[in-house]
Amino acid sequence: MNIENKIHELGYTLSTPPKPLAAYIPTVRIGNLVFTAGQLPFENGNLKYTGKVPEEISEEEAIKAAEICALNCLSVIKAEIGDLDKVKRIVKLTVFVNSSSSYVKHPKIANGASEFLVKLFGDIGKHARSAVGVSSLPLNAPVEIEMIVEV
Amino acid sequence: MNIENKIHELGYTLSTPPKPLAAYIPTVRIGNLVFTAGQLPFENGNLKYTGKVPEEISEEEAIKAAEICALNCLSVIKAEIGDLDKVKRIVKLTVFVNSSSSYVKHPKIANGASEFLVKLFGDIGKHARSAVGVSSLPLNAPVEIEMIVEV
Amino acid sequence: MNIENKIHELGYTLSTPPKPLAAYIPTVRIGNLVFTAGQLPFENGNLKYTGKVPEEISEEEAIKAAEICALNCLSVIKAEIGDLDKVKRIVKLTVFVNSSSSYVKHPKIANGASEFLVKLFGDIGKHARSAVGVSSLPLNAPVEIEMIVEV
């Protein structure tokens, strides 16, 4: 349980996986790849952050939101594979940032997720990533993140 | 031909796969995975729905548009693998909703696709999914959906 | 080195892979698949094009930007696999076009990348593709492209 211990050291707890908002499931495993559904910054069943970056929510808060999205990806992956120590590689993140049309610092927000994963997993936490700005997200979440991992 | 029969029972017909709008192809199969190109709500060669949700097109119509996008994903998958009964698992949908910047109910629209797939495929139709709002889509389509399936 | 020769014939040089803007890496290889991070139209370390299509940058320039994004995907793939002639198939592109909310010709822009790849790779360059409009991109780039290839 190394990874879960590190999650605790970083001040977080893997909670019950956030329930999908709709008719889909949180993860699908095909062979050695696990695909997650897009995760929002839910904490204990509540959306912890909302709003567009940077008008309605600060960059600092959006970075924390990205961190929680990554944590929630790990929660649903744990539910799929039983133990996060079975993760061999974080393969890919897609980070959708709910932002105004003039915003240009999406990588800064996405780093909230990327740096969190590298703290937890070290070299195997290093991943390919796309970060883009979108005009709106479900429930007005500031960030939505999907992940592919190898197990 | 179980799946095709169910498609008919739901009132649809698998038509000739929509032609790509450009220099790409509708599907690529690598091993046991088929990746589709993003599909728009074309029906018999015409884009059946257009407009941004919810100002230019109602949620009810956008839900139907999502259903047709999913149907079109199945059309191009059938052209790749010959028979939809060979689908072992719907793995992942990415649902892009053409919506105004204040829209927050993207999962409701994406459910048009997700529920349709579960009606057709049952448990193996349950998939991971991301649904995001985008500021514009090709031809002003209300929804664009891409799919990964295991065969 | 057939592919690199063709890249030169088309007037381009594979430069040093663009450095990621943040805490992630340019590629991850899992088995026979290579996933790239989203690439921007950097050339020799500078973002060659910026702005939203079509107000701030013309379609013609955005098409060239898409071409350079595809070139940069190839640069990072070469760094991962050593020789682009090892590419067996271009599997999938996701093309994010930084565009105004009324823009509808995203496929035209994305063709800059798709046609370039088919010129280089012929039939194995034919790929599945999604092209969507987004409200903003990192550094106000006009296009961001991510790629999956089989090696």
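Here the chain labels run A, B and C in written order, and each chain numbers its own residues starting at 1.
The working rule: a contact is a pair of C-beta atoms (placed from the backbone, for glycine too) under 8 Å apart; a residue touches a chain by one contact, two chains touch by 3 or more.
Since the structure is predicted, the reported quantities are computational estimates derived from the model, not experimental observations.
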Across the interface between the identical copies chain B and chain C, with over half of residue numbers shared counting as same and under half as different, the residues used are different
Matching the CA atoms of chain A with those of chain B requires turning by an angle in degrees, to the nearest 5, of 120
Per the C-alpha centroid definition, the whole-Å distance linking chain B and chain C comes out as 25
Residues in chain B with touches to at least two other chains are numbered 101, 134-135
Touching chain A in the complex, chain C uses residues 20-28, 30-31, 35-38, 52, 94, 96, 98, 101, 134-140, 144, 146
Within the complex, chain C is touched by chain A residues 32-33, 89, 91-93, 99-108, 110-111, 114-115, 118, 126-135, 148, 150
